[in-house]
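Order as written gives the chain letters A, B, C and D; numbering starts at 1 within each chain.
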Amino acid sequence: MVIIVETGADEQTIQRLIDRVGALGYTPHPIRGVEKTVIAVIGEKTQEKIDILETMPGVERIVPILQKYKLVGREVKSETTAIRMTSGMEIGGEEVQMVAGPCAVESYEQFLNIARYVKQAGGHMLRGGIFKPRTSPHDFQGLGEEGIPIAQQVKADVGLPFVTEVVDVRDIEHLHDVADIYQVGARNMQNFALLTELGKVDRPVMLKRGMSATVDDLLQAAEYVVVEGNSDVILCERGIRTFETMTRNTLDISAVVALKRMSHLPVFVDPSHGTGRDWMVPALCKAAVAAGADGLMVETHWHPQEAMVDGAQSLTPVDFATLMSELPAFCSAAGRTL
Amino acid sequence: MVIIVETGADEQTIQRLIDRVGALGYTPHPIRGVEKTVIAVIGEKTQEKIDILETMPGVERIVPILQKYKLVGREVKSETTAIRMTSGMEIGGEEVQMVAGPCAVESYEQFLNIARYVKQAGGHMLRGGIFKPRTSPHDFQGLGEEGIPIAQQVKADVGLPFVTEVVDVRDIEHLHDVADIYQVGARNMQNFALLTELGKVDRPVMLKRGMSATVDDLLQAAEYVVVEGNSDVILCERGIRTFETMTRNTLDISAVVALKRMSHLPVFVDPSHGTGRDWMVPALCKAAVAAGADGLMVETHWHPQEAMVDGAQSLTPVDFATLMSELPAFCSAAGRTL
Amino acid sequence: MVIIVETGADEQTIQRLIDRVGALGYTPHPIRGVEKTVIAVIGEKTQEKIDILETMPGVERIVPILQKYKLVGREVKSETTAIRMTSGMEIGGEEVQMVAGPCAVESYEQFLNIARYVKQAGGHMLRGGIFKPRTSPHDFQGLGEEGIPIAQQVKADVGLPFVTEVVDVRDIEHLHDVADIYQVGARNMQNFALLTELGKVDRPVMLKRGMSATVDDLLQAAEYVVVEGNSDVILCERGIRTFETMTRNTLDISAVVALKRMSHLPVFVDPSHGTGRDWMVPALCKAAVAAGADGLMVETHWHPQEAMVDGAQSLTPVDFATLMSELPAFCSAAGRTL
Amino acid sequence: MVIIVETGADEQTIQRLIDRVGALGYTPHPIRGVEKTVIAVIGEKTQEKIDILETMPGVERIVPILQKYKLVGREVKSETTAIRMTSGMEIGGEEVQMVAGPCAVESYEQFLNIARYVKQAGGHMLRGGIFKPRTSPHDFQGLGEEGIPIAQQVKADVGLPFVTEVVDVRDIEHLHDVADIYQVGARNMQNFALLTELGKVDRPVMLKRGMSATVDDLLQAAEYVVVEGNSDVILCERGIRTFETMTRNTLDISAVVALKRMSHLPVFVDPSHGTGRDWMVPALCKAAVAAGADGLMVETHWHPQEAMVDGAQSLTPVDFATLMSELPAFCSAAGRTL
């Protein structure tokens, strides 16, 4: 780290800082400039010691040099992590994956119907909420446990892996029979108790970026899972909160570029939640692939007018099939396949 | 709700919309303007039905008219909720309360030392993290269960109520013996599993605003607790994420004014987390009281240079005592006492 | 517009509102719901009259129905505006244009060198600041008037049109001899005096989105130019301010999708300023084209280490040539040419 | 500045960086840590040289140490600037000033009526727009030049100084006869041509913070005025753009605390524009004073329902008088007078 000393700090204050750095077990390197003094600090850092130094008289601010994440960074592992599913499908490889399905599993009929046309159009995985986190307690919260056998049956019927959200540590076990990938939603990205438990399961985790999480926060959240032993984490950009009101969130395509550079983990993009507008989804799927995304996650309708949640951001069967027919050219331009 | 019809929608599309509204059990009131048509919709709304309508052809957007929260709104209960603690202290009454203490309980000696000077300076409640949510898994996470007897002993020693954060539904029971108020941190504001469980306990809940939560989101999160039967919820503004990098977050004092008008629940302000800068805390405590806050929550140091977390935002004993001596004039100007 | 009446407003208050609407020359349509009353208002609206109504007792809020921009909206002109340059090049047509060049014109040698390799790699237009708006008065502000003959000479040498920023109404005339397109920078997007004057010139205007401007604000700013008679406006997304610190701004690719749907004006994207990171620029150029952008604007280096401003976001000659060789596949996938 | 070298950079790359620093006239101080190397750089910095270094191979990022503003910082002038008006009134002294008036000057009768009750209630200065910057060209833009004699007459009638906005460099001269303080609006905070011209006039400048300007940006904008010779600049917080939709902007009271610490310039707060809600204005005026503001700026109504612009954020005569009667207690608590 580098300690920037306050302008006008006297020699005694500076010396006490240097002594303190030494007492904490570091090697201090003071550099005296024309107007400012800085102290470079060498040694193994912990947040606790940084906090101690931050409160010392004479400290203007401290600039950390090292990233706070270690295991998920490209610096420790330069090749991209490829996650192999039991079906043989590889996430993070040459093939771009499309995960599609309804916001919520509502009934066997609804989910089967959607699953069939997702498969027919070339989708690789199914999505669908069984436990739904909703902003208001008065809104539909998903079928809960009764949705599990429905999803199991549909998976068996169409033969596609299934991604579903877990919102409570107590549900991890229940969902184990049905979830091929556990999804952590944006609202739970910093639910560290949940992340820690998911670090102990034998399934990949799809970690969605929180609505106000920086790229750095997302990588540190992924670190919570990986540090427990589960290194199969997929990062998912799904929009951040900004002042713009035209879209539900602002989809941050540049985060894909940043995440691919900084981390070896696969990166997906969800433009359905990212925008909340069905008419934006196809163009942003294409943009995500062009920017280097390893996969996409979109919401699709049954009969659009019957969807119980998030209708306005879901693609109709026709729109989904059109998108799937247009994507290969973009994948190919990006040196990928669909 | 009001449905705004797309410019240029033909009569058949509009009629189908009107029919659909009727089929959902509502009474439609179409109003045809010079350029636009709107359809006012009368009847009990659910998010599901709104979502269905949003996907109908010809719908430009839907404007909800009613608030999404019901139980926590001033519209259903015009007098402010006063929460009476077992000690007789009243939260939300004439007296402004000061909750103070370290970011984390680190040892008996540390917590007792701080608790004593908090009490001596006139503080009303203690705060201190036992389970700490930290952005990185490599940072200190609190003492965990071994912190519970320490906090119990210190409470007994100084005789002040204790506010502490719960980060996992499985810890609610463990903390029951020591927490006079359960705190839900900003990162868990939309951990609905946790909120639902806290709706069943016999203790007040201090609900901190999420870093990207609107005032409306905060009120809906409070609704999750109240709907389960626990109406003793304290709302706490603690800063939101913006582009400003000078402060850790941007403390939104106007949210105090909004929350006091829209809800009957007491409102606290935490300028320590809201800014991350010790030198900002006193001025913002005064501003919060001037704006109508019912209470304050600040972090205080032991020996500042020894704090294990969040040192840079904690007040020294001297600064805390000075603040406590200056606050009464502002409370008095606001028609309150300290 | 629709007036949403406060819950609990009495009949007299509602009647006064209705009367007031009528007195302002509108036709009021009150609709009484279970909990709320709304009043739909028919007639030609002005902001002034909306403001008057907003202050009436009993008004909770007013929802405008019509867009605030008229001339730039797709609703008044469904086909995309194609701007034909004197060279015959068409902006907003099938061909995607690449505008490239240095942040600032520094010398004849520098600008010529860059212009040559931009042309050689297939760039369509040159960019380069002559008057530079800089956050600090202590930073380099561009060559000013002495840069004009340099730019004229380079244009003549390589035969490409030139886009340059105007920061002061008094410079419009000076730049008239050299600017084929006048650029309005993000900081001046709401400099209405400048926009109004540019509405009177016979050159296209490239209008960059302000750092905190919504899509709606940008369209209203464009309206300032068009309303004066100059309908050749190019909109340019260049990143918005968010809490993310990894990038200088957050490039909002979804704005491209929104602008193309809402307006008939051509839309460009500038990922150099949008991110401030050279390594992000190629991937985001591809994403912009995939999302439907009509053109791109990027910064390129001379000798990277010699650039006087914005070096870290500029592409080297090799990187620029590589980008130009990779873009055609994405243009083609999007049904365009480069 | 401190150059943070990329992890894994080889010795040759590091040496080239060190050489380059030397070639630019600086003294490099490389410090080699366990995982990272940093190079502290001593010498007079310019943005241009920083930009050059940023593009060098091996540079991860550059951390500037010195502030970008010089003349407006507390580091160069520790006592607060007190601006003495021709009337003898002192801005930035012990007395907190209230600037009040309509959003726009609409007529002699309107402005006189408001000016009279502002004076009667104890207001210190008048405000009122003659040239109004409006988001849409279709909205009322102020009376323009015909408003000048009206404002002059009202000033003479009531004997209060007058603050008014200048939106165009060509209007500075016109307004010179009537403006006691030139106001630069949020949209023009980085209109550097305007700031530079205002640096040459003999009147104080009230500089409003841009909607997405950091505290640092605001101080650098002020530097543009001061560097030209006009050191009488008043900074004004008026809300920033965030994701919160309850208020028009989020008033950043913590910016007052930051600006007072970092700069010697007086700081005002405008809660009318900051929130867009009349019912929030009194509480936030009190909060601003409690936080250390030197003055306030609020909008007041004539007959509220007749105001041509910004009605919903203006105080009625009764509300304004009540506010003026309640403020002294808060000023007194803050060691000030009103």
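Here is the rule we go by: a contact is a pair of C-beta atoms (placed from the backbone, for glycine too) under 8 Å apart; a residue touches a chain by one contact, two chains touch by 3 or more.
From a predicted model like this one, the values you see are computed outputs, not experimental measurements.
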Chain labels contacting chain A and also chain D
B, C
Copies chain B and chain A - interface residue numbers shared by over half, same or different:
same
If you tally C-beta contacts across B-D and across B-C, the winner is B-D
How many Å are there between the centre of chain B and the centre of chain D, using C-alpha atoms for each centre?
30
So the centre of each chain is just the mean of its C-alpha atoms; given that, what is the distance between chain A and chain B in Å?
25
Centroid distance [mean C-alpha coordinates] between chain C and chain B, Å
38
Sequence positions of chain C contacting 2 or more other chains:
212, 240-243, 245
Residue set of chain A touching chain C in the complex reads 212, 214-216, 240, 242-247, 250-258, 261, 271, 274-275, 279-280, 283-284, 286-292, 326, 329-330, 332-334
In the complex of these two chains, what residues of chain D are touching chain A?
2, 4, 7-8, 29, 31-36, 38, 40, 42-44, 63, 65-66, 75, 241-243, 245
Please give the residue numbers of chain D that touch chain C in the complex, ascending.
20, 46-48, 51-52, 54-56, 68-70, 133-141, 167-170, 187-188, 190-193, 196, 210-212, 217, 220-221, 223-224, 227, 240-241, 278, 301, 304-312, 314
